[in-house]
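Next up: the structures, one after another.
Shared between the two complexes below is subunit A, which has subunit B as its partner in the first and subunit C in the second.
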Partner chain A sequence: MSALGAAKPAAGGAMDPVSSVIGLVLAVIFIGAVFVIAPTAVMPLLGIILGGVLIGFGVHFVPVGGAPAAMGQAPGIATGVAMLAAGAGLAGLFGGAWAAELGVVVATVTGAIGGGLMMAITCLMVNVIYVFGMGIPAASGKVATDPLTGDSQVEYKSQGTEGHGLPFISFVGGVVGGLFGGAGGTLIYLMLLGVYEQFLPAIFNAKVEEIMPVAISLAGIFAIGMFLVNAVLAAYNITGTIEGPHDPKFKRFPRAIVASLVASALCGLVAILIVVVNLNI
Partner chain B sequence: MTAQITVTEGGIPHNTLMIYGIIGSLVGIYLTYLNTVTGTQLFSFFGGLGAIAALVWGSDTIKRLCSYGIGTGVPSAGMLSFGSGVIAMLLATKFGIASPVLALVLGLLIGAILGYIANNILAMKIPVMIQSIAELAAVGALVMIGFTAMATGSFTFSPISAIPVTVLGASASAFSTSLIGGGLIAAIFMLGSIALQHGFNACLGPSEKQDRTLTLTAEVGFLSMLMIAIFSFAFLGMGAFIVSIIISVIGWYYTYSQYITLSKRDAAAWLDSKPIVEAEGH
Partner chain C sequence: MVENIVFGIGITALAGALAAVAGAAEDTESDIGSQGDPNSQVQLAPQMGFIHRIFNKAVAGEPPAYGLWCTLGAGLAWAFLAKDVNPVLALILGATIATFVQGVYATSGYLGRTASLAKFGQPVYIDILKSMLSVTMAHAFVAIFTTVAMCYLMNASLGHPFPLPLLGLVWGIALGAAGSATGNPFYGKERQYQNQKFGAGVPISASGNIVRYAEAGQRNSLDNGWFSSKLGGPASGVCFGLIVFLELWRTVLFEHIGAGWGAIIVGLAMILVFVVIDRWVEVYARKNYGPYTSAEEASS
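And then the complex of A and B:
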């Protein structure tokens, strides 16, 4: 996080209907383009879009604290979304990729568990450091009582802060966000892997087993790229920091779903084009 | 609408720097084509120099975008840049000799759409948002293709995904030892994004100066280039490898000493710390 984080943009909570419709029309155009040039890749593209939406939605659950959290002045994990996404999401993606041979459902669930586990460990260690290292209790600044446990928060909140530490609801939010992110990243990877296994053998005139390193690497790097794009766009939606699902900023998620849908459709189109466009030059 | 919170004073105007960046990176990446013309591999290092030109441009773009206080930290801009850049770059490699230009165009196109999403659908309402994200995606694509050209000596899809080998007299392709098949593209991704985001992330603040920030970006860029030179040992001959290493080290040393000089210039006071001298008899 930067020192510039002090001045947040004044992004409002309302959706911009005109822009959203333009965005959705663009998404339909991208899907239509894939339908025209490679009909077999339409279902994978829809899977990619679903994965992107899961990532964009999942980020809203993760308690991103940023620089204020590092100073114990705001609740959440003391880093930015880009770092949390790279940590939790890629942990899930790697977990899911190991299980890719076991089918879409098993692999996606494995990816979700990988992401959720990573976030659970992160949240636990964050609280250990807050409580035993910095000597501050966990207290939310946005709600008076924890929505899940009913514990009162106000008495524990220091004056002049927006809360501190990682309350139970934020912890749960982090794990849920990790589940969504890991599942979404894995879904993108699996869908792209399927497309590349289908198209690459013809491009290189080789057997499927031979091109697997290229297919896996391409699907992996595209999944990482799309993961970061969706995570950063969701981070822009929450303007950097959020406490978890109880934060009023959480209600902005419909905007992020539209944004992730359009961005994933665009990135998925390009990722599919790479095997469809074959100019032999 | 949000207020701009740090005003850039002095330095080269952003648009001038952008033109230098585009020309410098395209010229650098295309100079690697001398490999094909002359039949050697010695000119691969130009790809890295082209990538550094793009990095310097991108660093100034990040400064321009993040001066509006996007709230997510400077590294997120670097991640978005390379996340969209790698997607543009990999499609661009399919277009043969036109790949670097296509990387620039596709990067600008994808970035402009992502910028529209961020600015309008997500209602960020930052005046330079669309242009900045378009530039950043183009920078990501150009840096990726430049470093790829430096590591492998070429920037088209087939050579970076399959390496021709001869097995028992028959020619075949080895996929797992290529740049993409071996996964080195992921390492290039991170090396590039670290170089792009570090300059402004480290130098931002009240006394930020453009030349110091950009020198730091170039310095980290040369460090990344040194790593790419080591990658190139897997794909290129010993001669090209040594030339790349020497160029990277010279470039790094020059920019590092420049950065120290500029830091001393901008610092309120400079106190050289000495190594702790062990007293005799202990």
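And then the complex of A and C:
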């Protein structure tokens, strides 16, 4: 085997043990740093990491066909992985942030439902356009029969294509991806909001009510930023297009979970440090 | 209490209507500028020997592009509001300035993208730039203004905690995601490949062979906008309008029931309804259109 071949990254669902261990050690260091600087922010950081992992995992469910889907050459939704997941997750974050005062559980579930609802409507309209606008039935290119409905797929693929539209399994995958994305984004927002509500009054020497606009804006923008970080990481793992949970590429998700865990720990550390470390400048 | 709910439903309906217009304008704008995934074919065509007069201004996917423009529009409107400018005027000014930014991106996008195809003999058509630019900017203004106005209603009337620029970012990205998901196939397959068989995907071997001639003369992107506005645009509008309307409706009406669980259960029920409709659409297509080949042939 050539040196180039040996240096190739792990293919398929394989994990690279060395880089995974290095990543996990880094994540532990980041959590340890928060524990030393601000022990009360450790639990929110763990919540942020969980939110990031939910997003990274959820993106793998979303059926994304990219440019080939726009020509009816491949199944999926005709846009980019990270952007579609971001659209769904942020719609969820919108609902979750609105319900923030109702508690972490209700707000997170509200966010999940918001993301799932956005994806359900979008996936339905994709199929409506394909079926009623273009006269093309849905067909998967990766499996012979739909794992949920048992419908055969091969004979519904038009000649010279990889399939088109959203078969039922892809539709369900999209909704599940939206649920995970909405929940993850909302969880990150709620955790950061809690940290900022705790530390910002001391920095500004003001009451909690007075710093709320700043806390909400900061938490919101960090939540959107972390959402994009995790969605883009997952998009790199998917490399282009994916049909949903039945796609062989779906098996790569463990790598994305480790990556999201490390990235969320670092982003969470930074987001917490900006209020914990008061430099008195 | 009842007055509050009625007011909330009214605002919800208005926001849903604005979102529907935003979705339709967004998709038509992006199709005139070949902004979504179909831009790959517009870019590929000259490389395959098919010189064309289609406008191609893609500098990013629709979601980040609209994220930027709507955040700019919302941020500027927010700044004007902080200066006690009349809200309607503030929204119009914010959307107008954001539209000029879109125009700058569209100009540099077309010139840069097309100039990179010089070695394949693709000319930069200044008349195309002049005639398409104003039309995409007009559509972009409609999309940005309606989205920012919708965000203002959510913030000022419905009391969402996010400030206006943050709402602009959230809904700008969602608008681009909904518009590109729904509208792209209609422009990419149905319009660019009108010379291929109806009712089938474009064979991969036909990539790049986009339709370049119209009823009279060469086809340009205004023809494409006219075509997209017949189905792709309105369908994107229905998609984004439904997303905004149902998200607000379930929150305004049912969040007070069961400490927030009411809105969750209603949301879940709506998702299930959409699942059933989707399955019906899928089965309808399989039954009415039938398979392309027999099962034995396909598997052999």
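Basically, the second predicted complex is superposed on the first by the 268 of 281 C-alpha atoms of A that agree within 3 Å, B and C clash if a C-alpha of one lies under 4 Å from a C-alpha of the other, contacts with A are read in each partner's own complex, and residues count from 1 in each chain.
What we mean here is this: contacts are C-beta pairs under 8 Å (C-beta built on N, C-alpha and C of every residue); 3 or more make two chains touch, one makes a residue touch a chain.
Being a predicted model, the structure only gives us computed values, none of them experimental.
Superposition note: with subunit A as the common reference, subunit B and subunit C are in steric clash. Look at A:202: by the touch rule set out above, it reaches neither subunit B nor subunit C.
By the touch criterion defined above, A:77 lies against subunit C but remains apart from subunit B after alignment on the C-alpha atoms of chain A. In the overlay built on the shared chain, the residue A:172 is in contact with subunit C alone; subunit B does not reach it.
By the touch criterion stated above, A:113 is placed in contact with subunit C alone, subunit B being left untouched.
Of the two partner chains, subunit B is the only one that A:277 touches; subunit C does not reach it.
Once chain A of one complex is fitted onto chain A of the other, the partner contacts of A:152 are limited to subunit C, with no touch recorded for subunit B. Within the superposed three-chain model, A:259 lies in touch with subunit B and out of touch with subunit C [touch as defined at top]. In the superposition on chain A, contact is made by A:225 with subunit B only, not with subunit C. Of the two partner chains placed by superposition, subunit B and subunit C are both touched by A:213. Stretch 111-119 is the one among 39-47, 111-119 or 183-191 where subunit C clashes with subunit B after the superposition on chain A. Within subunit A, the residues touched by subunit B in the first complex and by subunit C in the second are 66-67, 80, 83, 86, 212-213, 217, 220-221, 224.
Within the complex formed with subunit A, the subunit B residues making contact are 1-3, 5-6, 66-80, 82-88, 90-91, 94-97, 106, 110, 113-114, 116-118, 120-126, 156-158, 161-162, 173, 175-176, 178, 180-183, 185-186, 189, 201, 204-205.
Within the complex formed with subunit A, the subunit C residues making contact are 36-38, 40-41, 61-64, 160-163, 166-167, 169-171, 173-174, 176-178, 180-190, 192-193, 197-207, 231-232, 235-236, 238-239, 242-243, 246-247, 250-251, 255, 259-261, 263-264, 267-268, 270-271, 274-275, 277-279, 281-282, 284-286, 289, 291-295, 297-299.
Residues 66-73, 77-80, 83-84, 86-88, 90-91, 93-95, 97-100, 102-103, 106-107, 109-110, 113-114, 116-118, 120-138, 144, 149, 151-152, 154-168, 171-172, 175, 212-213, 216-217, 220-221, 224 of subunit A are the ones touching subunit C in the complex. Residues 1-12, 14-16, 19-20, 22-23, 26, 66-67, 80-83, 85-86, 204, 206, 210-214, 217-218, 220-222, 224-229, 231-233, 235-237, 239-241, 255-256, 258-259, 262-263, 266-267, 270-271, 273-274, 277-279, 281 of subunit A touch subunit B in their complex.
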